[in-house]
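For reference, chains read A, B, C and D in written order, and residue numbers begin at 1 within each chain.
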Amino acid sequence: MTETKSLRVGMVGYAFMGAAHSHAWRTAPRFFDLPLAPQLTAVAGRDPERVAAAAAKLGWESTETDWRRLIQRDDIDLIDICAPGNLHAEIAIAALEAGKHVLCEKPLANSVSEAERMTAVADSAAARGVFSMCGFSYRRTPALSLAKRLVDSGALGEIRHVRAQYLQDWLSDANAPLTWRLDKAKSGSGSLGDIGAHIIDAAQWVTGQNVAGVSALLETFVKERPIAGDFVGLGGHGGTSGPRGPVTVDDAAIFSARFDGGAGSPGAIGVFEATRFALGRKNAMRLELNGSKASLAFDFEDMNSLWFYDSAQEPNAGFRRIQVTEPEHPYTGHWWPVGHGLGYEHAFTHQVVDLVEAIAAGKQPSPSFADALQVQRVLEAVEVSAADESRWTKVGGA
Amino acid sequence: MTETKSLRVGMVGYAFMGAAHSHAWRTAPRFFDLPLAPQLTAVAGRDPERVAAAAAKLGWESTETDWRRLIQRDDIDLIDICAPGNLHAEIAIAALEAGKHVLCEKPLANSVSEAERMTAVADSAAARGVFSMCGFSYRRTPALSLAKRLVDSGALGEIRHVRAQYLQDWLSDANAPLTWRLDKAKSGSGSLGDIGAHIIDAAQWVTGQNVAGVSALLETFVKERPIAGDFVGLGGHGGTSGPRGPVTVDDAAIFSARFDGGAGSPGAIGVFEATRFALGRKNAMRLELNGSKASLAFDFEDMNSLWFYDSAQEPNAGFRRIQVTEPEHPYTGHWWPVGHGLGYEHAFTHQVVDLVEAIAAGKQPSPSFADALQVQRVLEAVEVSAADESRWTKVGGA
Amino acid sequence: MTETKSLRVGMVGYAFMGAAHSHAWRTAPRFFDLPLAPQLTAVAGRDPERVAAAAAKLGWESTETDWRRLIQRDDIDLIDICAPGNLHAEIAIAALEAGKHVLCEKPLANSVSEAERMTAVADSAAARGVFSMCGFSYRRTPALSLAKRLVDSGALGEIRHVRAQYLQDWLSDANAPLTWRLDKAKSGSGSLGDIGAHIIDAAQWVTGQNVAGVSALLETFVKERPIAGDFVGLGGHGGTSGPRGPVTVDDAAIFSARFDGGAGSPGAIGVFEATRFALGRKNAMRLELNGSKASLAFDFEDMNSLWFYDSAQEPNAGFRRIQVTEPEHPYTGHWWPVGHGLGYEHAFTHQVVDLVEAIAAGKQPSPSFADALQVQRVLEAVEVSAADESRWTKVGGA
Amino acid sequence: MTETKSLRVGMVGYAFMGAAHSHAWRTAPRFFDLPLAPQLTAVAGRDPERVAAAAAKLGWESTETDWRRLIQRDDIDLIDICAPGNLHAEIAIAALEAGKHVLCEKPLANSVSEAERMTAVADSAAARGVFSMCGFSYRRTPALSLAKRLVDSGALGEIRHVRAQYLQDWLSDANAPLTWRLDKAKSGSGSLGDIGAHIIDAAQWVTGQNVAGVSALLETFVKERPIAGDFVGLGGHGGTSGPRGPVTVDDAAIFSARFDGGAGSPGAIGVFEATRFALGRKNAMRLELNGSKASLAFDFEDMNSLWFYDSAQEPNAGFRRIQVTEPEHPYTGHWWPVGHGLGYEHAFTHQVVDLVEAIAAGKQPSPSFADALQVQRVLEAVEVSAADESRWTKVGGA
């Protein structure tokens, strides 16, 4: 065990996502047998005191105040990008060109053109054995992995309906503060890119089909919000007085879609909805697929379950709640006995596991930047359609 | 009790809907104190033997083989139309002009122009004390009635999201037979008019807002089906061989919508989906509303419950399952003790109760033909948008 | 259809149960093809005005003020007993000896000795073609009938656990009035006989096993309650001042049990709980069975569903929610399309259907008085054990 | 941060519980600000190779092959006992007498007399500032902690019913192997001590009442099982051939209980059931309380939720699903945004947090050995009652 080669990680950013990634790097080797031993070598952030405190808290060995320094260091093999979306392209490209593997949080970028540049660089880096992955972590939630496995096995038959929702409510309060997530310059978009991107990726990945076209509607319910004096994370409560600034992103995104159908089968139709105003829905990341033979449904608010309907059992069929905690299920055998559920952060740990295994095997990890670019193209088509009277818009502009 | 004046009913049609209506006419006076005593005077159908059998089975005193005869009879006060949609306009107009009250099944008609003519006739009849009602029976499901009551009380605040689905699966089998419901000439449309109409009406009624514009997509998954040798009702299973004919209606309808907001408040945005291909969903007529203060959710597959989220209870808030069976709840005090649920047909009985009370009071029953015309206009806008690249389409063509 | 012979019914009592039975007699022939046509010939009650009003409301052709007169009448074939439990034995025995079939509400009697006498009379009457049935109506809830069918098919394997609960909350309020149901002289017992009897019958019937022994605990939480000035039905709310009287029955009953195992298999163990103090549980009549191959679970608060777990599907097994509304399911094909649920009173209609069919076929209906006597013996054993430090008590005192 | 004093831990055992505890020691300081910095100093196990491998995997700095050596070491402040129950007393007593704090897995011991000795030693150690805690980790599941908080606030009023179940199914297969958990000499008891102990502790802790008496039944469904060639953990699948040995513990335990009521209020009555044969129930650790004002219900299979019924909301009351993930909820503010659920192991991390804080503050941690002794007394009373015809048995033999 002492012989295992290291994988030395440098992380950029240390907020919500940084905490989740740090936990994953620390924890993965404790429950899984990894071919490379992750080392939490350095974390970068602009404020020296804060980054030092974060390093101590999260378990990083050293700090940098400029992400460029991180990339220059010889003792780092992989750059883990947890910074806001507007920085993704520059950091990822620099890292890949410097021969570092990259794990980049989603959405990949704030625009298709950035994502295209990143993908081009990632493709050529991969040819040199330098790999990249985009952090659509929900793929590694065991129940969604099992969903993918069931679809791939043919259990669903031809997929006809995709029903994807990501419902949150943390902006329902009109006095929630104006954070960077509500500033288009930093975040690229609102609910669409933040949470809509997750359900687009999940839907495409589980079905094995790409979204080919969309008709969309975007809405901003609360146009101005209190300016936050300082960084306030997800879910913070703002004040009711003081100056207000404009919300420049969408509060909610709705779109219908047609999928490309993949291998010889006709494409499904889909309905997508992403919002932070669905009062009472806290993290309802949901995916339902209706096939010609079976259906499945997932809701992150009951994240250890997958609901499955098999028409072969008719007339005594019914959606059954599979507790995705069996040893035979994806990832779960490495954790606890059946019925002892996992939590949100486990998907990040599984992401690290799969990434490390791919790197060690010299194989492209999934999702690739190209996969993430496809998500970005869907996001763009949604915005184009929404700005053009919801007119049907092909993804990729083809 | 023997003094109660009669309300003599003549019903056209005696299939699925006819059975439900007959049960309602028979049962309403047993559990409610009605101001007029319904009398099941006559039922009309083309085949003399069948209509006689139906009359005996369903409890009607006499029969006619031509609905026109029913209208001519002096001993009939109200015409109850349970025939296919393509006959609604002619029958309803003739009945109203003959001074008979009318209860007409939904959708009101197969086109906006028919519905407009019917509404005009209904309006002038109402001025003469002859009333009409459209059978959007789901309004009388106690849980949906309670939803309406909660919205009207202001409990939800400003409504932001409407999420309406009507998911069935009885056409998932590509060999289900080609019944009249799949023939556009008779049914007007497929899932859109049959079940989509219900969620449009429910959403508009509960929110108190009208749909102002839509962007839509229609899909027919199975283009040809076995020709049914004879009438086959809802849910029948067809053969796998023999001749096939074209399905001329939609299998699924998806649309996004904007509501007109009603009294001074901004309009909600909505997502609608109607399909008969959601394998495993049997009668999932669902409505969820997210407001600025509270949310509510209903699913007909658990029809005696209404889920309600009240933000005033935060941080210990949560969707609560109200069992809508209390004496204080709409209609339920006339039935059984709390927790003893009602079934599908009770909504029809409640419909009769409300209709009879309105007629006795000389008041317009709800939903009026005008309400149903508004639904019809939404259906039309959906079809126009779907035929025009999902482009945003105003309801009413304004 | 006009040739169908009549079955002329005389009903004793017209409160809650009388309304449910009347509805069933009226409705059964409308949805089912019955071999005998039920006729609502007469209803008996002590107060002439009230019984006349009830007859008009519920649809009975004539009235009597003494149940003995009902039994004397030549134009009555069946006596339907909806009176309180302390009258069951006398009426049922008189009716059977007069050659009338009997439908008797549960519990069969207020003591084992009464029930034994009734059963002896019923047995000898049956030999003469005069039949009797006890109204454990829940058996005819389609989901519980399907449960029975699944157990009988061997799908569960050897049954190990029975988990039966009947949870209500209408006595949680310490000021709910002192009705006849809280008076041991009239009701025999409290939650035990009223609702406990239902789960005992359901558990024995579905498993095909009898309870062989019990260890029990009874509790009365509220010892005195406001005296109701007049009859107050189930769920009434009493006053907070005025005189109070003693509650002489149990508020809650808990017992563990061993089943006799039936045909060659070892007996299951069971846990039973009946209470009217489970705040928030309105009519949670629940039954769960765990077998060696499969499990099933039912809750009346979601009465159209049966949850089924089949170990053959492991590792992707899970409890599935069967919507018991398919044409192939018990009773449901006579009603509405799939997913259109039934309500509480349908079980009474099904009870009438099965009773009429048994009488017409000259066969013993189920549950017989002997079946109900077995329930009574379990009730008695529970009371004996509870009075004797919960000591294990054999059912039947054997 | 570097100034924080260490708390040097030595752990005995490294199987299922050892992995959970190790994760907790590693993770607690990453998400919580602890007054002492846990150090994973040494782990003890009999097999030198295995313990070395476990230390490397789980993150321990050194190893011992005899737990006595661990206690002798000067560089260890706390002994964490994850060994089988028959070793608890000896290790805990030795450790406390050596001045080490102790965290001991549950059940505290295999008999009341052992538990009494441990408690006496713990009490005198506490007087010297040496503390002990028993690992009833479920208390630290946020939803159960919230339940406790609600009860303590008086929200439930007087508690009348306790309904506690712990349902698993991993022994349903009659060929599951004969592990140490099925050997009374090592495990003390079967489902009773293993999982029954959890619901006894949870019920007593949340209600603030002790179980005063019980009537019980124990059952062993499968009397012989395949002898496992080697250690097989929880949930392992055994062979179908080969030698079999006797199961000497209970497969299922059922008991009714009376609680002592605590401060001036009458005691609740309870029903408890623990089994490993409830096919389909994987880890259904459930607790429901019905009070005079409110009720609550928890099921570990949906561990991030607490269901709460508040009668003040009647007639629109209903059980509401509180997602226990708000910043205001116990522990959860240290983790992720709302709706991002936690998993099984988080309770162990919270246990470490509370233990470390108590030690640093010089206060007795909870649950104390005395609390665990009370659980042990209930277990004993259950066994006594079950062996004596289920006769009512006072807890503590008073």
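Rule of thumb we're sticking to: a contact is a pair of C-beta atoms (placed from the backbone, for glycine too) under 8 Å apart; a residue touches a chain by one contact, two chains touch by 3 or more.
Keep in mind it's a predicted model, so treat the numbers as computed, not measured.
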Query raised in the report: Which chain is most remote from subunit C in terms of Cα centres?
Result: A
Query - Which of A-C and A-D has more C-beta contact pairs - result: A-D
Query raised in the report: In angstrom, rounded to a whole number, how far apart do the mean CA points of subunit A and subunit D lie?
Result: 35
Query raised in the report: Rounded to the nearest whole Å, what is the centre-to-centre distance of subunit C and subunit D, using the mean of the C-alpha atoms as each centre?
Result: 41
Report summary line: Taking each chain's centre as the mean of its CA atoms, subunit A sits from subunit C at a distance in Å of 54
Report task. Find every residue in subunit C that makes contact with two or more other chains and list them. Result -> 281, 309, 317-319, 323, 327
Query raised in the report: For subunit A, which residues count as touching subunit B in their complex?
Result: 160-161, 163, 169, 172, 174, 215-217, 219, 221, 252, 254-256, 258, 266, 269, 271, 273, 275, 277-281, 290-295, 309, 311, 317-319, 385, 389-392
Report summary line: Per the touch rule, the subunit D residues reaching subunit B in their complex are 146, 150, 305, 307-309, 313-323, 326-329
Query raised in the report: Which bits of subunit A are touching subunit D when the two form their complex?
Result: 1-2, 16, 19-20, 22-23, 26-27, 30-31, 53, 56-59, 168, 170, 233-235, 281-284, 300-303, 323, 325, 327, 335-346
